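You will see two complexes here that share subunit A, one where it goes with subunit B and one where it goes with subunit C.
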Partner chain A sequence: MGTDRGLRAAGFAGMLAFLLAAPGFLGEYQVHALIVSLTFLLPALGLNLILGYAGMLSFAQMAFFGIGAYVSALMAMRWGTPFWLNLCAASLVAGIVAVPLGFPALRLRRYSFVMCTLGFAVIAQTLAKNWVSLTRGDLGLSNVPRPVLGLWSSGLEIRSVTQYYYLALALGVIAVLAFLALVSSPAGRYMIAIREDETLAASLGAPTWRYRMAAFVLSAMFAGCGGSFYVHYYTVISPTIFDPYYGNTLLVIVLGGGVGTLGGVVAGSFIFVALSEVLRVAPDIRMIAYGLLLIVVVFGCPEGLLPLLMRRLRTWRRADAT
Partner chain B sequence: MPPDRTAALSLRGMAKNFGSIVAVDAVDLDIPQGQICGLTGPNGSGKSTLFDCCTGLQKATAGRVFAGGTEVTGWEMHRIVREARVIRSFQKAVVLRAMTVEDNLVLAGQMVAFPGFLATFAIGRANRSGVRQLRERAGDVLDLVGLAHMRHADAGKISFGQQKLLQFATMLMADPRVILLDEPMAGVNPVLIERMIANINRANRDHGITFVVVEHNLDAMKALCHRLVVLSRGRIIADDTPDIVVRQPDVVEAYLAG
Partner chain C sequence: MLIDVAVNGITAGSVYALVAVGMTIIFGVLRAINFAHGEYYMLGTFGAWWAIETVELPYLVSIPLAVAIVAVIALAIGMLVMRRLIDAPFQIGVVATLGVSLVLQNVVILIFGGSYKMFNGGWIEPVEILGAGVSEQRILIVIAALVIFGGIELVVRRTRFGKTMRAVAQNIEACKIMGVDVPRVVTGTFVLGCCLAALSGALTAPVTGSLYGGMGTAITVKTFAIIVMGGVGNVSGTLLAAWLLGLMESAVAGYLGLQFRDAVAFIALIGVLTVLPGGLFSRRERF
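Here is the complex of A and B:
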């Protein structure tokens, strides 16, 4: 167990060193792909919290991502608020919206809960399309201001891809640390217990409904942050953000990387986004190849890539020891 | 009859129907502080349902529950555990299999070490010092029940009997006043049954914990309990010391008929 922890720390340190140095030896396009990965990492962490820790599959993640994006864009465009404030507001609004949604949704279990969150995603898209006075409907919002790092309107404006990259990396690191703190707190232990056996958790004094709500709200807050960064990077947002494609990508990252693990989801964000980008060399068969590779992953390691890797490492170490 | 407010647990008119089937039929029962009370009866006589209704897992059709003088009727399960300190075990779902033995105990102790909801989101030093204390207590409790050598094993990989001992240990971590045990000895080998009886006796003697034990193993019940209550078709048909109860003709008949 101790060596696993050492291995994990070493893995994260190595990865961070690589990511810090990456713009030095990668081209602009590859750095852009890394930014996309880091953008997906935030809602993926949220999905991992609610699915991997609290045991509930939510399709509402991209709805909260979209809410965060619209909130950020509207604030920046109408009031010229600074990036940090947009980010906090996006996260907060997503979290606040999650509360009234959680009341009906968390009464449900398993498939009913999944269906309910799917409903939220559909409603979010419909609202974005039809609330034209606020969202400009299908046209979407464009010319969203670039992020400015400063207390108010003056400060460093993020322009180059490299600058964006380091901003995304900083957000990613903060999010990973926040996630780690959360899941290793007593509340995180209760969430795992609720995932494993809700009745048993309640019998040990866990107010299970509150923790499921907390997981739902916090997952929305992670997604809201991701949406905020997304909109300041692309500087456009439209209702297509609620398309199932994005939600599916999140699922692939979390399930393919290793649900309920932190390293798996971090690795998954890079691997599956990179995979999708690499396959652009063959645009005709890109999505077919992507789908086939997913099938291979599912058959090869049903628990996800990281758990498979960890098991291999453990077996090798045991073989070395004997 | 008014509830006995000095009792550890006092039930008045507890009833539970499933449609037209009466599982528990207007049961009045007082368990004095510090008693080890056995509860037995044929399958389907309403023992587990009675537990479920006392601990908030199921809503009773009628009746009231008092724990240490406080009415807990209608409370949610986690609140009965936290505030009334009445905790229960289950026949089947025994432990969290994906966690280590020690983590199972830390989890159970969290309600004592981190009592508020927000306190459970503690990070940094507050988290570490609280969890360190729980790990120390977990070590003591494991020594007590005789599972110290299993501390870092996955709870799902130890034997069923050991899981039952672990479940008993998790309940001790929660500082309970009353422990309701649902068939703690079913499927457990004789050596571990001996150990389970010793553990219950010690917790009762040293910490004054009141016990209600549902069990079919009458020999174990005779060795353990101060008092034996027999349920049949949702009603109490006998309530006395174990030696007297097992000789009652209607008890013998209920068992044979059941």
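Here is the complex of A and C:
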């Protein structure tokens, strides 16, 4: 176990060193792909929290991502608020919206919960399409201001891809640390206990409903942050953000990478975004290949790529030792 | 206006019902949400369109041909993918069927192109009923739905296959011990469910008039709402929930505007689940 932890720490340190140095030796397009991966990492961490630690499969993640993006864009466009404020507001609004949804949804068992959250994404898209006075409907919002790092209107404006990359990396690292702190706290342990056996956890006095609600709200807040960065990077947002495609990508990252593990989800964000970019060389069969890959991955390593890799590593070392 | 709304609602509801009943029986035996279910509806529509446009068959012949094509595809997917979902954790089923949905949708787009196509066929002559003009095709859809639902109730309740289906739905381990060939029941149920979706697609095409590769997604999503409201595994509950949804959608589209129609299913779903977590027709929450 001790060596495992050492291995894990070394893996993270190596990955961070690589990511810090990446713009030095990668082209602009590759750096852009890394930014996309880091953008997906935030809602993916949220999904990992609710699915991997609280055991509920939510399709609302991308809806919260979209809500965060719209909130951030509208604030920046109407009031010229700085990036940090938009980010906080996006995360806060996403968290607040999750509460009234949580009341009916969290009472349900898994399948009904899945459908309820899926429905929320559909409703959010309908709203984004039809509240034209606020969202400009299908046209979407364009010319969203670039992020400004400063207390108010003055400060460093992020323009180049490299600058965006380091901003995304900083957000990603903060999110990973926040996630780590959360799941190793007593609250995180309660969530795991509830996932494993809700009745048992309740009988031991764990306020199960409250923790499930907390996991749901926190996952929405992660997604809201991601949406805020997304909209300031692409500078456009339209109701297509609520399309099932994005939600599915998120699911693939978390389930393919290794649900309930932190490293798996981080690795999954990079692997599956990279894969989707690589497949762009054959646009005709891109989605077909992606679909086939999903089927192969899910049956080939049902617990995710990283846990599979870790197990392989462990057997190799055991074989070396004997 | 009111009669138009009612007629449209019942027709749309019957279409949903045929797709949803397939999904609900598949869910019963497999405990897996089939995210690709709308794609079989799409394939049914495309099968009929292809038979009419390329092979130049009459519409009446194109329907069984479309269902047969989908049966073959569903059999292949049932053997390759769905059988592996027996006893698998529910997330695996979600991702695997999402993969199937992506493949089917994009293969169709690759073969036939991504643009909208017009469907020429069916009986769209209006008939006068209660002072409103109703096309013959719509009447056919409603009658077909009623006949098929009667048939399914019979199959599920009276035949040996139906009995095994219910047994697998109740307790898969006990079935294995008793020597029931579970993979075969699962594949059979899956093919039956997909054929119903395909039939629904082929029957609806003359009314909707157009088809495209991505048309299945909206159907899948609405079907989820229907089977949860109707109570998962409940055949007659599904029909009632589907009609109810069809009527609500048609009323919203008629009085509020077409753009709000697609959100109705889920506002209704969330509303229903808030009050009755087991669906409209069951006191107990089951899944």
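Throughout what follows, the second predicted complex is superposed on the first by the 322 of 322 C-alpha atoms of A that agree within 3 Å, B and C clash if a C-alpha of one lies under 4 Å from a C-alpha of the other, contacts with A are read in each partner's own complex, and residues count from 1 in each chain.
The definition used in the following text is that a residue touches a chain if its C-beta (ideal position, glycine included) is under 8 Å from a C-beta of that chain, and two chains touch if they have at least 3 such contacts.
Everything numeric in this text was worked out from a predicted model, so none of it was measured.
Once chain A of one complex is fitted onto chain A of the other, the partner contacts of A:F40 are absent, as it touches neither subunit B nor subunit C. When the shared chain is aligned, subunit B comes close enough to touch A:P186, but subunit C does not.
When both complexes are overlaid on chain A, the residue A:L200 reaches subunit B alone and has no touch with subunit C.
Contact with neither subunit B nor subunit C is seen for A:F229 once the two complexes are overlaid on the shared chain.
Contact comparison for subunit A: of subunit B and subunit C, C touches the greater number of residues.
Looking at the shared chain after the overlay, A:Y246 reaches neither subunit B nor subunit C. In the superposition on chain A, A:F216 makes contact with neither subunit B nor subunit C. Those residues of subunit A that touch subunit C in the complex are listed here as 51, 57, 103-105, 107-112, 114-116, 118-120, 122-123, 126-127, 129-130, 244, 248, 251-252, 255-256, 259, 284-288, 290-295, 297-299, 302. Those residues of subunit B lying in contact with subunit A across their complex are 55, 57, 76-79, 81-82, 87-90, 93, 95-99, 103, 106-108, 110-111, 113-114, 117, 119-124, 127, 130-131, 152, 170, 174.
Residue ranges on subunit C touching subunit A, taken from their complex, read 27, 33, 81, 84, 88-92, 94-96, 98-103, 105-107, 110, 217, 221, 224-225, 228, 232, 259-260, 262-263, 265-267, 269-270, 273-274, 277, 285, 287. By the touch criterion stated above, subunit A contacts subunit B in their complex at residues 1, 181-182, 184-187, 189-190, 192-193, 196-197, 199-200, 202-208, 210.
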